[in-house]
Amino acid sequence: MIVKETGDAASESVFNREDMLRSDRLPHIWCPECGIGTALSCFTSALGRSNYDLDKVAVVSGIGCSGRVAGYVKLDSFHTTHGRAIPFATGLRLANPELKVVVFSGDGDLISIGGNHFIHAARRNLDLTVICVNNFNYAMTGGQVGPTTPVGAVCSTTPFGNSELPFNLPGLAASSGAVYVARWTTLHVRRLITAMEEAMAKRGFSFVEVISPCPTLYTRRNKLGTGLDRMRDYRDSSDIRHGAAPDSVAIEFGGRITLGKFVDVEKPTFQDRLDDAMRASLGDKYRKNDRPPAVQASRRAIREP
Amino acid sequence: MKARTSSRFWREPLDAAKRIVPRGSVHIREERCKGCNFCVEFCPRDVLVSSPRFNLKGYHPPDVLTDRSCTACRLCELLCPEFAIAVSDAEREVPHAS
Amino acid sequence: MQAEASGVLTGTHYLDGDHAFAEGALAAGCRFFACYPITPSTEIAERTARRFPPMGGVFIQMEDEMAAMAAVLGAVWGGAKAMTCTSGPGFSLMMENLGLGIMMETPCVLVNVQRAGPSTGLPTMVGQADVMQARWGSHGDYEIIALAPNSPQECFDLAIEAFNLSERYRVPTLVMMDECVGHMTEKVVIPEPEEIEVRPREFTTKKPGDYLPYATNGNLVPEMVAAGQGHRIHSTGLTHDERGYPDMTVAAQDVLVRRLMNKITTNSADIIRVESDSLEGADVVVVSYGITSRVARAAILKAREEGHAVGELRLVTIWPFAENLIRELAGKVRGFVVPEINLGQIALEVERCAAGRARTICVPHAGGSVHDPERIYEAIVEVMS
Amino acid sequence: MARTEIRLTGFGGQGVIMAGYVIGRAAAVEEGRHATLNQSFGPEARGSACSAQLILSDDLVTYPYLRHSDILVAMSQDAYRRFVSEVRPGGLLVFDDSLVEPDPNSTLATVGAPATRIAEEIGKRIMANMVMVGLFTGATQLVSPEAARAAITNSVPTGTSDVNLAAFERGLECGLARAGTWAVREEAQT
C-alpha cells in the first residue's frame, strides 16, 4: 500500500523520528537538494537505534547552515557563536558527566574559525562526538571560500579559482588525536548512520565528516550540476577504503572521494587521564566531578512542595 | 525483473524465489517536500516518481509509480532531507515472485 | 542558602587579591573554571587549579580566551556555577561569548584583572582603561553588571556578590579588578560557611512540556534550567521567543532586547553598591573605584586638613552606573573630581549625569602605576577655586 | 605604631617578597593588626632588581603605597643605591652586610648582619631572606618574634619550616643585639 498524506492527515506514529525533532519548526531553512537535512535525518536514525536516554543527549552547534541543526533537534540543544561549539560543548560535558554531547556543525565553523578548538579537543581526547557537514564553502553567507574548498574551485571570494590548499579533515582529526574518524557522503546513509552510532558509542573524541552538496552556491558556481547530480557523483566517484591512511584521503576538485572508517582506536579520555593523574597525586582526597552540585540542588528543590 | 539504473552491480539472488520480501508503505508529507528527487532517483525498486502536482511551496512532491514493490528498505526515508517521508511495514503477503 | 562547607577556607589569611578572589568564588559555589593564562590574572587560575580537585570542581586551561569563555557558558548550561579570569587582551577575545552569555541569559562570572593597554601595553602594570569596554565591548545593546573591588578582602566578598548577582539576574557578571588590587596582599577574613549567603541557581520546578526557557512570567528574569533535566530546551544567540526558538522579527527583537536591558536597569537600585563618606555638605566629591579609590584617599585627607569640604564616593558597582546619585549630588556640589587610570572613561559618565550643573574634572593617568595623590589634590583645589 | 612604611629590596630570587610576606603576615594575621604588601613585578624573574612595599599599621591601611619609607631592607648593593634616597631622614637601613656597603655619609640609622653568609653556614643560601626577617624583627621590634615564627611556619613549604626558623633565629639574635638602635617615631603619618 502506498499512502500519500498531507498535513494533518499524516499518521504521527509512522513518522517515528518526530519525537527527536522540533517538528513545529519544520520545514527547515535549508535549500532544496541541500544535504544537511539528510545528515540530520541520519543522526536521528542513529540516535533512534542507539539506546541513549534522549533527555541526556545534548547537541551543540556553531554558526552557519549546519549550525542550524541544534535548532531542529528536540534535545537539549545550543546554537552558540561562530566556531565555539566545541569549547561550549567542552564545558557542558565536563560540568555534567551524565550527558552525551554531540557537536554538529559545518566545515567553516569547525575547521576555520573553530579550527584551534577542533585540534585541541582532539588532542585532549575530550569525550565529544563531532559531526562536520562539509559542503566545501561558507554557504550561509553566500558561498565564500572555506578551509575545505578544493584548489581551483570558484567561490564568491575566489572568482578566479581557489589557490589555497584545503585541509583534509580526516587527516587533521587523526593527526590531532581523534580516536574515531570516518567520512561518508549524504548518499551513503546507512553507513553514515552506522558511523554516527559508532562515533557516539566511542569514549573520547570521535569525528564523522559528511560530504554534502551545496546546490545553491558551491555546486552551482562550479558547474557541478544540481544537488541530485552531486548525489549521483557520490555514487559513481567514491571509493570505500576502510582503514585508509587518513593523510591519504584528501579531496581534489573533480577527483574521486575516498570514504570509510579510517581510525577506530582506544585511548584514555581527558577525564580518564585527569582522574589517574589526580589519584596518583592526591589519593583519596581527589573527588571526581560525578554530577554538578547545582543539579543536585535543583532535584531537592523540585521535590519540595 | 527489469534492469536497474541505480544499482549497477545488481544480480538476482540465487534463492530469490524462496525469500520472503518485506513489504512497506511509503508515507509522504507533501507540504514538507522541496522536490529534490533524491527519493525518486535512489529508490532501488523505483517506487516513486516526481509528480506533476505542485505543493504549497511550488515543488513537485513524489508520487507512486509502481504499486506493491516497496520492500520497506527505508532508503527514501533516510535520504529525504526534509523529513517528509516515512516508511511503515506493511503486512507480509505472498512470497516474492518476479 | 549558606555556602557549601567544602569550598570555604574559614579563617584569617594573608592573601593577594587574585588568591582572595579565587577563595570567594569557591565559597560562592563555583565548581567549574576555564581560563587561558594571562598576567596579572593567572594567580586566580593557579589557586583554583590547586583547590578544586578535592571538592569535585572542574578546572581546564583552554586553548584561548574565546574557548575559555565558551566553556564557561557550556558548563553553566550543564548545571555548574562557573567562571573565568583574564586581563585586557583576553578580555577583548571574550567579548564575543560575553555577548552569547548575555543573549542566552547565562549566569557566570568573568574577572578582568586590568593592566595597561591598548594591545599588549604594560602586561605587568596597572590600568583601569577597560571599564568602558566592560559596558560596551560586546556588540549590540545590552546592560551588564560590573564590580570593582579595592582590597583583597573585597575581592573575596565581591566574588560571592558577583556570583549571587549573576544568578539573581541571569547575566554574566564582570569583576573589573586591577593589577594593583590583584597583586596586593592584605588580611582576608573568611567567615564560617553558615555566615556566607550564597544564592543557589533557581531551577524551574515546572514539568517538562510546561516549561518555556525564556518565559518570564512578568518578573523579567526567566527560570533557569540545565541540560539533562528532561526539558529538551533550545537556546540560541539568535533573537528568540519564549520557547528559545529563533524569531527573526522586529517585534521579537524589540521585546527581547528591551527585557535584557530592563531586567538590569529597573533593578539598578538593588544592584548598585557605593561607599561614601562626607557627601553631606561637600563642595567637591571625588568619584573613584578600584585601587584609585585608595590612592584618592590620601588626597582627600590632605584637602580636608586644609579645610576643604571634600566628599568621597567609591563605586563598588561600576555598571550599572550610579547615575541617580550623581544627578542628585550635581545639584548640591560645585564639582566632581574623577581620578582613574585611563584618560577619561567613568569621568564621561559623571559628566553626563552632572549635565552641566556641576564641574567634572577628570584626573587622567595613562597607566602603569597609580596616581600621584598630589595630582588628585590639585584637582580638588581647582574645583574649589 | 600608627603606620610604618617599609621597602624590602634585593635581587629577584633572594626572596625579598617572601620576607615582606612573612613580616606582613606576622602583623596582620598573627598579631591581628593590618599590613599591606605590594610587590613590583618585572618580566625577568631572577637577577633583576626586585622590591616590595610593606605598610604596617594599627588601623586599616587606606593609601596602600609608600611615600617616604621609614625603613629600607636592602639585600643588594644595586637595590640599596636605587632606593636609599626615598627613606625619610632619620629612617632605618636594615641590610645584608655581606652584600651591601652603605654610604658612609648617610645619616640613616643602620643595622646590618651577614645574612647571606649566615645562610650559607646553615647550608641554604636561599635562607638569607629569613635571616633578614630575624634581623628586622629583633632590631625594630615592629612584630614580635612569636608572631614572626608563626608566620614563617604558616608560609613556607611543608617540611622546610625548621631550616627557615633556624635562619630566622640567627638573624633575630643579631637584631636583638642591636634593639633600641632606632625607634619608630610616634606621630602618625597621614
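First chain written, first letter: the chains are A, B, C and D, and each begins at residue 1.
We take it that a contact is a pair of C-beta atoms (placed from the backbone, for glycine too) under 8 Å apart; a residue touches a chain by one contact, two chains touch by 3 or more.
On a predicted model such as this, the values are computed, not experimentally measured, just so you know.
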Shared chain contacts [chain A and chain C, defined touch]: none
Inter-chain centre distance, chain A versus chain B - centres from mean C-alpha coordinates, in Å: 28
Interchain centroid distance [CA atoms averaged], chain B/chain C, Å: 61
Interchain centroid distance [CA atoms averaged], chain B/chain D, Å: 88
Overall pattern in which the protein chains touch one another (line/ring/star/complete/other): line
Touching pairs - complete list by chain label: A-B, A-C, C-D
Contact set on chain C toward chain A in their complex: 4, 29, 31-32, 34, 53-58, 60, 62-64, 66-68, 70-82, 96-97, 99-100, 104, 200-201, 203, 205, 208, 226-238, 245-246
In the complex with chain D, residue positions of chain C that touch it: 12-14, 16, 39-40, 123-125, 180, 183-187, 291, 294-295, 297-298, 301-302, 305, 370, 373
Contacting residues of chain B [partner chain A, same complex]: 6, 25-32, 34-38, 41-42, 47, 55, 57, 59, 63-64, 67, 70, 75, 77-83, 86-88, 90
Contact set on chain A toward chain C in their complex: 22, 25, 54-56, 58, 60, 70-71, 74-81, 83-84, 86-96, 98-99, 116-117, 120, 278, 282, 285-290, 292-295, 297-298, 301-302
Touching residues (chain side chain A, partner chain B) in the complex: 1-7, 10-11, 14-18, 21, 23, 26-28, 30-38, 40-42, 45, 186-187, 189-190, 193, 227-228, 231-232, 235
